[in-house]
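Below you'll find the structure, written out as structure tokens, and then a few comments.
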Amino acid sequence: MTVKVGVLGARGRVGSVMAQAVRDAEDLELVAEVDHDDDLQVLVDNGAEVVIDFTVPDAVMGNLEFCVTHGIHAVVGTTGFTAERVEKVRSWCEANPATGVLIAPNFAVSAVLTMAFARQAARFFDSAEVVEFHHPNKLDAPSGTAVHTAEGIAAARREAGMPPAPDATAQALDGARGADVDGVPVHAVRMQGMNAHEEVIFGSQGQTLTIRQDSYDRTSFVPGVLLGVREVAAHPGLTVGLDSYLGL
Amino acid sequence: MTVKVGVLGARGRVGSVMAQAVRDAEDLELVAEVDHDDDLQVLVDNGAEVVIDFTVPDAVMGNLEFCVTHGIHAVVGTTGFTAERVEKVRSWCEANPATGVLIAPNFAVSAVLTMAFARQAARFFDSAEVVEFHHPNKLDAPSGTAVHTAEGIAAARREAGMPPAPDATAQALDGARGADVDGVPVHAVRMQGMNAHEEVIFGSQGQTLTIRQDSYDRTSFVPGVLLGVREVAAHPGLTVGLDSYLGL
Amino acid sequence: MTVKVGVLGARGRVGSVMAQAVRDAEDLELVAEVDHDDDLQVLVDNGAEVVIDFTVPDAVMGNLEFCVTHGIHAVVGTTGFTAERVEKVRSWCEANPATGVLIAPNFAVSAVLTMAFARQAARFFDSAEVVEFHHPNKLDAPSGTAVHTAEGIAAARREAGMPPAPDATAQALDGARGADVDGVPVHAVRMQGMNAHEEVIFGSQGQTLTIRQDSYDRTSFVPGVLLGVREVAAHPGLTVGLDSYLGL
Amino acid sequence: MTVKVGVLGARGRVGSVMAQAVRDAEDLELVAEVDHDDDLQVLVDNGAEVVIDFTVPDAVMGNLEFCVTHGIHAVVGTTGFTAERVEKVRSWCEANPATGVLIAPNFAVSAVLTMAFARQAARFFDSAEVVEFHHPNKLDAPSGTAVHTAEGIAAARREAGMPPAPDATAQALDGARGADVDGVPVHAVRMQGMNAHEEVIFGSQGQTLTIRQDSYDRTSFVPGVLLGVREVAAHPGLTVGLDSYLGL
């Protein structure tokens, strides 16, 4: 038995990739491709059980209100979810308790696992640093993911009552030791040919542990979205972040 | 307040490193160094609360019976624990329920975490392979740790009902695709200059996750043993494997 | 002053990428796009100084005879060059000594450099192994590039009179130690998400040297072809392999 | 036939390792171990053909004058060679043209090759960055080797008339993009458990090339010194740097 899926933003860059991925999956059936001028009623008419929403902040709230009130589960990668917006979605879900909504800022499973494992590992190692690598067109350094990873490591170290990482550096060129994110050094490499990669390194006596994530191209979110589509019905209510779907 | 620690096998290669590590730790006090001709009574006389046992199979059972019956916790890296021996130790622990014994085949925290994370990650990726790297004096290939890691990945894939990893190889030189451990390819590199290193690689659409562990020298078990010493009193009864001390 | 470039096979998968790359390069001008039904005379009419040929074995010899006899330099990535064909091209070049032809099996500069550096480094290290990583649709294992790399290392070791790499392995699972290419172990990983990657590892006392090449996508041949286009006029006669253009 | 070797500074930390390495080498014979109170005449009396000097700046000039004037070749890892000192040694060599002296700041062959290959590769890639990893007791960041590597890359880029590496970074945390060494970003990681490691990354369209050097322990200079001992007689006169012995 297949799951009937509708794609919102189906002619967008990400949405079109998702529509193709649904078509390619044997256990999923693409029943509706909706873009900005289309009527959402097609979702109901075609029996969509789950929608994938990669649209724009202006559209996503209307989409979600429609889906939740019609009992259609939603997997959402659209950006712009303020705390206020999240609460609004939560209220719709509470009124329709059988429906599941998953909103995630990052659907790359390898990146989500890297952050989760880094938090788990942090308290066992004296040293922890993050090195991220991106294409040279990226505007911010470090990446949001790398900053978030470092913050998670720093929080785990604090909870465990750990002292600062050992570092005898007395003479340094400006910037050599990276950016300081809550005490965790973060280094950003910008490299032609690369896409998005993150490496977390932990060290203690005689050993290191390295967790590395490579996103080779812009389809790396696909497996995470499909995982969401397959499991959202089993997670009624609002879930923020892919983590809890990964059972971590 | 410090923990009073006795080291058994204190003049051995590993034991002497552990004795030094206890001396160097501010929260631990080395109260007894015992080797094969010494009387275990010194542990009681000097008030040892925890012993570290890196001795030999012939000595370890006598040591453990003495320690458990005297209420001294034990952290044990000695090899040779058959199922029968484990049951024997368990019976002593049941008769002395306040005493904790930790027996672990591998105290390298980075290696234990690598195996644990690999099991957690396995079900989210189409492909999984293990590459291990050791000094050229090693007799077996792949290493026991790499085989154990691959078995854990294979078990997690089976539980999740996953198909075999995709592999279109039609023409291969003998050995090119590694050893097959329950369907997971394992590759063993033997390299002058290296010590013991393991890399687990997972792949799905557009992305990979790599978990790598490097043991640079023979002191890499120290942090794990000290972790055991500090936490064994909070884990009464017999524990096999460092995993459960890591809260994974 | 720009170089006038014609692309042969311009509507093919690779040719179309090359046509675009020429358009994007400020110092090059795309003056002709030729595919299988087109007349080569357009190259002369439009003043092409250099052609790029990514066509098929059936077409390439005719293309090259036309170009060389008309004094148009050629950069060729088409496959199927037997020794006999190479000699034929060489005879055309000898009759037109001012014209340059570059035929290369691999235009990925990073891969060509990896092979060249591996040959240079080989004689300084006791151990050498190759690990290659490809997408799981690849039919052969190891890759031709990895085999070629290992052969280069083996030749350099032989010339230096080196003994076999140290390896005490006594108990091994079948395949664990990789494929044996002239005494150099080669390991092939097949991984969803990856494209084409090669790692060469050398080890001696207390140290290793790793040379790694990553081809993230199918455009990785572009910089090498453009390098060829820019320098072919300075290399009259026939050149096989990109190496000599890299000054190695 | 073996080469007769004397070790100066034979009871020092490095000298004692070298003395043992000479004893272990089948083609070398240790004929003299000299330390600061010993008479250099023992070198002549015991027929030393080559000396290894890992002493101190105060001693090395006297040692070299003695050796060169007595026709004993010298392989020197002692620090403190100013331009003036180098000229002094050169003048002694000119007066004794059959004698060879090799003075090198770095005898780790893997590090010397990394720098050499980085210079060779630099002009073929749009982007180049250096990441170095050291134990946390290191006082300076980045390491001298990493700075030297970056300077070599920068020089090669300048000679090739290359523009700055592409980097669209508009918003950055302080230090995120590393230290700027002649336009090449250098990132320094300080990690418990590590010793000394350097990674050079180059990128162009669709590909990267990574050259990585790992020094796992303090014996990593041994192979380079032994190489010097075996080849110094074939390099009469003064040579600074191991490079030219590597035929690069």
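All chains are identified by letter, namely A, B, C and D, in their written order; residue positions are counted from 1 within each chain.
The working rule: contacts are C-beta pairs under 8 Å (C-beta built on N, C-alpha and C of every residue); 3 or more make two chains touch, one makes a residue touch a chain.
A quick note: this is a predicted structure, and the numbers were derived from the prediction, not measured.
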Far-end chain from chain C, centres as C-alpha averages: B
Winner on C-beta contact pairs when C-D is weighed against A-D: A-D
Distance between chain centroids, defined by C-alpha means - chain C, chain D (Å): 33
Gap in Å, rounded to a whole number, between the CA centres of chain C and chain A: 38
Geometric centre distance via CA averages, chain D-chain A, whole Å: 46
Residue numbers of chain C (touch at least two other chains): 125, 193-194, 204-208, 214, 216-217, 220
In the complex, chain D residues that touch chain C: 108-111, 113-114, 117, 120-121, 124-125, 202, 204-223, 227, 246-248
Contact set on chain B toward chain D in their complex: 193-195, 214, 216-217, 220
Residue numbers on chain A that touch chain D, as the complex places them: 125-127, 129, 131, 133, 136-142, 147, 165-181, 185-194, 201, 203-208
